[in-house]
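Each structure below appears as C-alpha cells.
Next, two complexes with subunit A in common: one pairs it with subunit B, the other with subunit C.
What follows is the complex of A and B.
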C-alpha cells in the first residue's frame, strides 16, 4: 500500500467517528426540528404536514408574545447590568490591584455552578417562610420594601431574572479583564502623560481599544437570554400562566408538557433564527467597525 | 503641596476601589456561605436565626440527603455520564482535529463543525427524544452520553484546533524522517504535546455535562437514573419544607464543580472565554 493511500485511510478513519456522531446527533436533529415545525404532531400519532400554520398560529398567540417580551426584557436587563458592572469591576481589577487574582477567582465562582442549583438557592432566599431577602431588607432599614417576591406580579419577573444576572457577571468581568490586559500599556501611559485623567483615559483611549470584546459580550448577553430556561423553570415553572416564562420555557412547556411537538418546534426555530440573526448582525457591526 | 493632595486623593480612590471589590466578592460568596451554614441546621434554627452559625451542627443532614433522598445514586449517575462523555469526546475530537489541522486541511469541514457553536441545545430536544425512542435508548444514561458528546463537539474542535495549530510543524517532519507514520506521530508526539488543549476541553465539557438540566429532563424519567441536576430540581418538590436537607443536597451537588474550578481554574477560564470569544 502506497504511503499516500495509507494517509487517506488514516484521515478517513480518524475523522469519521467525530463526523458521524456530529452529523447524526446534532446536524440531522437540527434539520428535523425545522421539518417538525411544519407539521401537526403530538409525538404519538402520525405527523401531518401543515405548512406554515404553526407559525401563523404562534404569532397570533398572546402567550408567545408574553414570553417573547419577557425574553427581550431579560436581554435589556442583562445588557444594562452585566456589561457595565462587569466592565467596572474588570477595570478596578486591572488598575494594579493587589489580590486581583483572588478577587477574580471569587467573582467567577458563581459562573461555574449549575443554574439549577443557583435557582434552588434563590428560591430559598425568596421563600416567604425563611425570607432571607426580606430579613436583610428589614435589617438595613428598608423593611417597607418587603414583599412576596415570586407571587407579587410586579416583582415576579425581575425576581426570576436576578439570579441569572447575578450568576454571570463574573463571566463578563473575566472577558473584560482579558481585553483590558491586551491594551498596549504605552497607549495608556502616554495618554496619562498628556494629562488625560483616569476617567478620560478610560473612555477615550481604553474603551475604543476593547470595542470588539464589548461586541462579544453583547452577543453573549443576547444568546444567553434567548437560551434562558433553568432559572425560570425551577423557581416558578414559568408561571403563573406564562408570566415569568421565557421563550425557552414556553418551548419546553408547549412540546413536553402539552405534547404539541409541531408548535414546540416552531418556537424553537424562532429562537434559533433570532439568535442567528442577532449574532450575525452584531458580528457584522463588529467587522464594519474594524474596517473603519 | 499639590503632590500631597494628589496622593491623598489617590489613596482615597484606592480605598474606594478595594471597598467596591470587597463588596462585590461578599455578594458573590455570601449566598453560598448561607446555604452551607443552613445545611447544618434544622428548620427551627433556620427560621429563628437565619444568619447565625449553627449552635450544634447537624451533619446528619448530609447522611440523610445522600441516603434518604438518594442523592448518592444521582451523584454516581452524573459522574458516570460526565466521565464517559469526556472520554469519548476527547478521543474523537483529538483525532479529528489532528487530521484537520496537520494532515488534510478542509475549510468546508471546519465550517461544518463550527455550526454547532451557534445552536442552542433547545433545538435538539424534540428530535433527540424521537431518535432515542427509535434506538430503544429512552430513559438510558447512554442516550445522555451520546447527546452530551454531540453538543460539545463544536467547541471542543474549536479549542483543540487552536492548540494543534500551535504545535510546530518541525516536530512532525523530524518524526517522519525518523520513520514514523502519521498515526504514530499522533499518538507519540501530538497527543502528549496537546495536553493543555485536552485539559481545557475536558474541564469545560465536564462543567457543561454536570450542569445540564434540559437534556436530562427530556431523556431520563426513572428516579434511579436521574442525574444530580435532575435530582436537585426534584428535591425542591419532595423535601420542600426540610430546608436543612435541601441545603445539604445543594452543597453535595456543587462540591465537585467547586473543586474542579479551584484545581483547574486556568483551564476553566480559558475554556469559557475561548467559547465566548468565538461567540
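What follows is the complex of A and C.
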C-alpha cells in the first residue's frame, strides 16, 4: 500500500466518526427542518407541502421582526460588553493581580451555573415589590433610576439581556487569559524596554498577538446570542407578547406552544441562515485583517 | 360527618347550570355501588388478564403533571404506589411526571414523534383538538363499554362537555372541576375599618386607603396570562350577553366584542388607579400573584383551588370570599355567579387501548385514575371532583370549606380558556393580556390581536 493511500485511509478513519455524528445529529435534522419549513404541519396530522408560504407569512409577521431585532440587539450588546470586559478583566489577571486565582474562579463561577437558576435569581432581583435591585439603587442614591424592570417596555429587553451578558463574561476571561499567557514574554518585555507603556504595549504588541483568539470569542459571542433562549424563556416567557423574545424563543413558541411546526421550522431556517451570514462575514473580516 | 362535596359545588356542570345537584347518591351511584361486589369478584380475574395472554408483565406508561411540587403530588403518589404494588406481578408501570409547561411540550413532542403515553392527564377543548383530529385519542364511550368499575353516569352532568369534540364524542375523562374565587384579607379590612367593596366605586375608595398604607389593593398580575386570563373572563361575565359570547367561541364566535374591549378598558383603569401591582410581569403567574397576598402585601386576590395548597392555614382562616365588585355599566350581579368548569382529566391512547395485549392493563390504569378512592384523596389538595363522590367536608382545607359554602347558591359561568377553539388563540390571549397589563397595547389592540388568530384559523 502506498504511503499516500495509507495517509488517505488514516484521514478517513479519523474523520469518519465525526462525519457520521455530524450527519446524523446535524445535517439530517437540518435537511428535515428545511423540508418541514415548506409544509403545513401541526405535529400530529399529515404534513401538507405548501412551498414557501410559511416564509411569506413569516416575513409579513410583525412579531417575527420584533424578535429578529431583539436578537440583533443582543448580538450587538454582547459584542460590545462581553468581549471588551472579558479582555480587560483577563488582562488585569494577566498582570499578576494579587489573588488572581481567586478572581479567576469567581469570574468563571457564573458560567457553570445553570441559566435557569441565574434567570430565576434575576427575576427575583428585578421584582419591584420584593426584589433587592430597586432597594440597592435607593440605598446608593440612585433611587431615580428605580423602575419596574420587567414591566417597563423601555427596560424589559435589556433587563432580560443583562443576566446572559453577565453570566458568560467569565468564559471570555478564561479564553483571553489563556491567549495572553501564550504571548511570548520576551516580546512584551522588549516593548517595555523600548519605552512603550502598559497601554501601548497592550494595544500594539499584545492585542495583535491574540487576534485569532479574539476572532474565536467574537464567533462564540455571536453564535451564543443567535441561539439565546433560556434567560428570556425563564424570566418572561419571551413576553409580554414577544417583547423580550429572541428568534429561538419565537421558534419554540411557534412550534411547541402553538403547534405550528411548519412555521417553527421556517424560523429555525432563518436562524441558520443568519448564523451562516454573520459567521461568514466575521471569517471574511478575519482573513482580510490577516492579509493586511 | 360525611357530606357530599358535590352538593355544594355541583361538580363540573357547564356554563349557566345552576349549582343545585345535591341529591346524592343518585341512581347511577347506587347502581355503581351494587356493582362493586361483582367488581371485587372480577378483580383477581382482571389482574390476571392484565398480565396479557403470555402471562408476562405488561408495560404501560402513565404521564401526568402531578409531579413533585404540584399540589396533587402528595395525595396522588401514595395511592399510585399502592396501585403499583397491588399489580406488581402483572403490570410494569412507568410514571412520567413533568411540571405543567414542560409537560405540555413533552406531550406535543411525543405526539409529533408518534410516541404518546398509554394514558395521560391532559386538557380538553382547543388543547386536545389536534390529537382528536388525528384519531390518536380514544372515544371514552369505548372505555366505559369495557370497564366494569367506572361508568359515565358516575360523573356530574355536563362534566364531559370540555372533552367533547366537534363530532359530538368525548375524548377525555374529566377529573377536576374548579371555581374562581375572589378573596379578601379580613384582618387588613378590619385594621383600616373598611367594608368589602361591592361596586367599582367602592373598590376605588378602599384601594386609596390601602395604597396610602403601602398595601397593594389587588394582587393580580399577568405573566403568561395568569391569573389575568381567568380574571378577565370573570369580569367579562358581568356584562350583558357575555356568557353566551364565551360559549359561542367554541363554535366560531367572535372574541373582538364590545364587551371584550369594555373589560380591557376596566383593567387599564385598574392599572391607572394603582390597584394592581406596579410590576405585573414579575408579580404575575399563579404563585407570584398569590405570594403578595399570602405575605399580606396585598389586600385581595383572585385565585383557584389548585393554589389552595400554597395558602397557609392561618391565611385561609383570615380570608373571606367576596363577590368581585360590580363593574360600571354591567348588568349581571356578580354575587349570583361563580366561574366553574371542568379543567382537567385524563385521555387514553387509542392505539394502546385497541392493542389486545395492552387493553386490560390500560383499563386497570384508567379504572384507578377514575376511582372513587383517588378522586376522594385528590380533593384534599383542593380539587373539586367531576365524579360524584362522597367527601368528608371536615377533612377539607378551611378555604375549600368556604368555597363550598360560597358556591352553594351561585350560577356557574364559563371562562374563555375552555371555549377557545385552538391552542394558539389561547396563547395569543395570554400574551396579549401580558401586554395589556403593562399598557404596551390598547384595549382595542388587545381584542384585535386575539381575533386575528381566530380569523386566521377560520381561513377568513
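Note that in this section the second predicted complex is superposed on the first by the 258 of 292 C-alpha atoms of A that agree within 3 Å, B and C clash if a C-alpha of one lies under 4 Å from a C-alpha of the other, contacts with A are read in each partner's own complex, and residues count from 1 in each chain.
As a working rule, a contact is a pair of C-beta atoms (placed from the backbone, for glycine too) under 8 Å apart; a residue touches a chain by one contact, two chains touch by 3 or more.
This one's a predicted model, so the numbers in the text were calculated from it and none came from an experiment.
Applying the stated clash criterion after superposition on subunit A shows that subunit B and subunit C collide. Legend: residue contacts after superposition of the two complexes on their common chain; A:112 is shown touching subunit B, with no touch to subunit C. In the superposed pair of complexes, A:240 makes contact with subunit C only, with no contact to subunit B. When the two complexes are overlaid on their common chain A, residue A:153 makes contact with subunit C while staying clear of subunit B. Measured by the number of subunit A residues touched, the leading partner among subunit B and subunit C is B. In the overlay built on the shared chain, the residue A:42 is in contact with subunit C alone; subunit B does not reach it. In the overlay built on the shared chain, the residue A:123 is in contact with subunit B and with subunit C. By the touch criterion stated above, A:257 is placed in contact with subunit C alone, subunit B being left untouched. Overlap of the subunit B and subunit C interfaces on subunit A comprises residues 43, 123, 127, 129-131, 256, 261.
Those residues of subunit C that touch subunit A in the shared complex are 104-105, 108-109, 111-112, 130-131, 133-134, 136, 216, 222-224, 277-283, 291-292, 295, 297, 423-424, 427, 431-432, 434-435, 437-438, 440-441. Contacts from subunit B toward subunit A in the complex involve residues 17-18, 20-21, 24-25, 27-29, 31-32, 34-35, 38, 46-47, 50-51, 91-93, 95-96, 98-100, 103-104, 109, 112-113, 115-116, 118-131, 146-147, 149-151, 153-154, 157, 181-183, 186, 207, 210-211, 213-214, 217-218, 229, 232-233, 235-236, 243, 246-247, 250, 253-254, 257-258, 260-262, 265, 268-269, 272-273, 276-277, 279.
Here subunit A touches subunit B in the complex through residues 3, 6-7, 10-11, 14-15, 17-19, 21-22, 24-30, 32-33, 36, 43, 88-89, 92-93, 95, 97, 103, 105-117, 120-125, 127, 129-132, 135, 166, 170-171, 174-175, 178, 216, 219-220, 223, 226-227, 229-230, 233-234, 248, 251-252, 255-256, 261, 264-265, 268-269, 271-272, 275-276, 279, 283, going by the rule given at the top. Residues 42-45, 123, 126-131, 148-153, 156, 236-237, 239-243, 253, 256-261 of subunit A are the ones that touch subunit C when the two sit in their complex.
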